[in-house]
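In what follows, chain A forms one complex with chain B and a second complex with chain C.
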Partner chain A sequence: MSKKELIVREEILGSNKKVAAEIREKLEAAGVLVVNLLSSPGSGKTTLLERIVETLHPTHPLAVIEGDIETERDADRIRRKGVPAWQITTGGACHLEAKMVGKLLPEIPAETKFLFIENVGNLVCPASYDLGENIRCVLLSAPEGDDKPKKYPKAFASADCLIFTKSDLIPYLPFDLEKAGNEALDLNPRLRIFVTSALKGRGIAELARYFIESRVNMIQHQRHA
Partner chain B sequence: MSKKELIVREEILGSNKKVAAEIREKLEAAGVLVVNLLSSPGSGKTTLLERIVETLHPTHPLAVIEGDIETERDADRIRRKGVPAWQITTGGACHLEAKMVGKLLPEIPAETKFLFIENVGNLVCPASYDLGENIRCVLLSAPEGDDKPKKYPKAFASADCLIFTKSDLIPYLPFDLEKAGNEALDLNPRLRIFVTSALKGRGIAELARYFIESRVNMIQHQRHA
Partner chain C sequence: MHELSIVASLFEILEAKARENQATKIVGVRLRVGKLAGVVPEFLQTAFDSYKQDTIAAEARLEIEEVPLKMRCRKCAAEIEKEDFVLVCPSCGSTDLELLEGMELLLDKIDLEV
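Coming up: the complex of A and B.
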């Protein structure tokens, strides 16, 4: 990277960090836990979100921001479940930035308890952009292979939680779940790991419980702060 | 994107284009067909390359450049097949650039007829960077889903050839091959499409033949130029 590129990049990341901190503060005060979902294209972010929506909503009201380069497809899928959802189409850009999320804050209904943000499908660039989330989840689908954590270290090192998806396909694949999990834990020993299959409904209840508990912890932490 | 970002980006892409044109000219003159493989992480680029290597090499000598953010894993896999391979680790950068490829040209053996470049696993950013290739292949693995072409349009619109991978998994997936193919052809009617399974050896011979024919065409085109 040239010196000029580095300077511009530092400026962008610096201003993104500031906006992200403001979003986090604002939503924490409103009792909204923000979850940023990050993965390769086709790891199953939207399908997993559909299952989470079915489990949490409307007992725990949630809202969803969908990031994509083009198309309203993902937001449409979530809206069909009766959940408020906004599509951000980046028109070519490879990641979401905090300011894109910030613009949508006034539209989030007052009763919202969880805001899920589905990032652009990309295991590289989104890892550098804080969106004001409390929890960053990286998804790894079994068909992607068990060698991905060390090849894409930033996504795994910066996450709070690793969600293995499409685990129903493991019998048909050369995929070693333990190897992939250990490789991710080598990069980031504090990772919480969940094994899910959206198709079979596996692991969804555990994941939903984790989000509920994380929100309780967030609120208790505020009270003691 | 800010104005400053846009200017820096234009400069980078402009200088990349120039270096790419030089690489293409140099390698065409040496009779080397260059193929740039582009896809999400875990679409099966390296495994497909292993099958292509087994089919072409050493009758049609080839060389491989592997792009990754971290690790020498992919180059090691190709070297085990007796093929010269170089690993470029970008250390965080989300795509290969032509200058990274240019540096390796002096090392390519004289007898080489095909240079395969496996880009960083990312369906977004690499699509903007010409590496001096004659053929750009975008891979889409069945587990990624049949809705990807219109969500990641640049990769599909800028490619010469679309390779469906992991087709052996289609029976276990909600994946409509025709839908995905038609969506890609909507974006890019000149796309050549191949359906492969590296695990079952499906479609590899057809793909190898396409590369051989493309090289013949390249050489004939030069003679008539």
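Coming up: the complex of A and C.
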């Protein structure tokens, strides 16, 4: 028996990253823009998605993957809009992983142009897992408070876009939109910021346009690559 | 609290490396965990100690090296090491900073018995 020191220097989540890269490559080639939505529970991901679905469907075919600990509820809400949706129930796990998304790829209809993935409600763990998305959106609702970006830096630092939700409630709350936006920009100067209210329809058209333009950029970038 | 699934991914690598090297035992594991890796070292330790039971690493000691945030200012080239995550260059005030270290979650080294 002898001892051996083995230098590895390997990323522990390397296998997730690898699967995510495969998903991104495959879907980019098929012209599908993938959006990963992450935020704490109750910040309005599903309701925002319903408004986005109403705006894009059926002109821009889309599909939705819903992640939750339990229940089929969110996928049912999206299906009611006439859009294909799959529910991943993690049975307790606090985040989605790339291989869970990968398993669903064969079911995505060929005409799909946008795939929205609603992560498990959690502002911590989902930030560590690439799902093969092109755009990562972090949501912050007014009732959560304007101090969240620096309390949960990884979610905000790793996102491409910050979506303020429930903005119709801001007049009734001590929520400083500018302060929250600046805190997030301190962490991540390249963040795109949208202010939305799913209830009043505010900011939804701008957000839908951002997704459409991002897909166009993705396809153009591919042609030049 | 995704430390247990991180440990599960870690064991996939550990078991593969042990097989490749025909090891009889893993006696030590060293990780490098960035300040911004989004994991709590204490939880990782607890998850490791419960997961290792009845595996090839049952007697392994886990060592976690915490890596502070290290950034470089793209404007004035200053290198900055910080505990908290405020990305403004203390030398010139620029926000154009490049993150060099502090995001990593690496399996650095394994001690094997072969």
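Methods note: the second predicted complex is superposed on the first by the 213 of 225 C-alpha atoms of A that agree within 3 Å, B and C clash if a C-alpha of one lies under 4 Å from a C-alpha of the other, contacts with A are read in each partner's own complex, and residues count from 1 in each chain.
Methods note: a residue touches a chain if its C-beta (ideal position, glycine included) is under 8 Å from a C-beta of that chain, and two chains touch if they have at least 3 such contacts.
None of the values given here were measured: they were computed from a predicted structure.
Novice: Touch check for A:Pro41: first (chain B), second (chain C), both, or neither?
Specialist: first
Novice: Just chain B (first), just chain C (second), both, or neither: which does A:Ala157 touch?
Specialist: second
Novice: Looking at the overlay, what does A:Pro143 touch: chain B (first), chain C (second), both, or neither?
Specialist: The answer is first: A:Pro143 touches chain B but not chain C.
Novice: Which partner chains sit in contact with A:Ile12 here, chain B, chain C, both or neither? Use first/second/both/neither.
Specialist: Both partners, chain B and chain C.
Novice: On the A-aligned overlay, A:Asp186 touches which partner chain: chain B = first, chain C = second, or both, or neither?
Specialist: Only chain C is touched by A:Asp186; chain B is not.
Novice: Check the residue A:Lys3 against both partner chains and state whether it touches chain B (first), chain C (second), both, or neither.
Specialist: second
Novice: Is A:Glu70 touching anything from chain B or chain C once the two structures are fitted on A? First, second, both or neither.
Specialist: Touch status of A:Glu70: first partner only.
Novice: Touch test for A:Pro109: chain B only (first), chain C only (second), both, or neither?
Specialist: After superposition on chain A, A:Pro109 lies in contact with neither partner.
Novice: Overlap the chain B and chain C contact sets on chain A and report the shared residues.
Specialist: In chain A, residues 1-2, 4-5, 8, 11-12, 93-94, 124-125, 150, 153-154 are touched by chain B and also by chain C.
Novice: Which of the residues in chain B end up touching chain A in this complex?
Specialist: Residue list for chain B touching chain A: 1-2, 4-5, 8, 11-12, 40-42, 68-71, 73, 92-94, 120-125, 141, 143-145, 147-148, 150-154, 166, 168-169, 172-173.
Novice: Within their complex, state which residues of chain A touch chain C.
Specialist: 1-16, 93-95, 97, 124-125, 127-129, 150, 153-154, 157, 185-189
Novice: Could you list, by residue number, the parts of chain C that touch chain A in their complex?
Specialist: Touching chain A: residues 1-2, 5-6, 9-10, 12-13, 17, 21, 23-24, 27, 31, 36-39, 85-88, 95-96, 104-114 of chain C.
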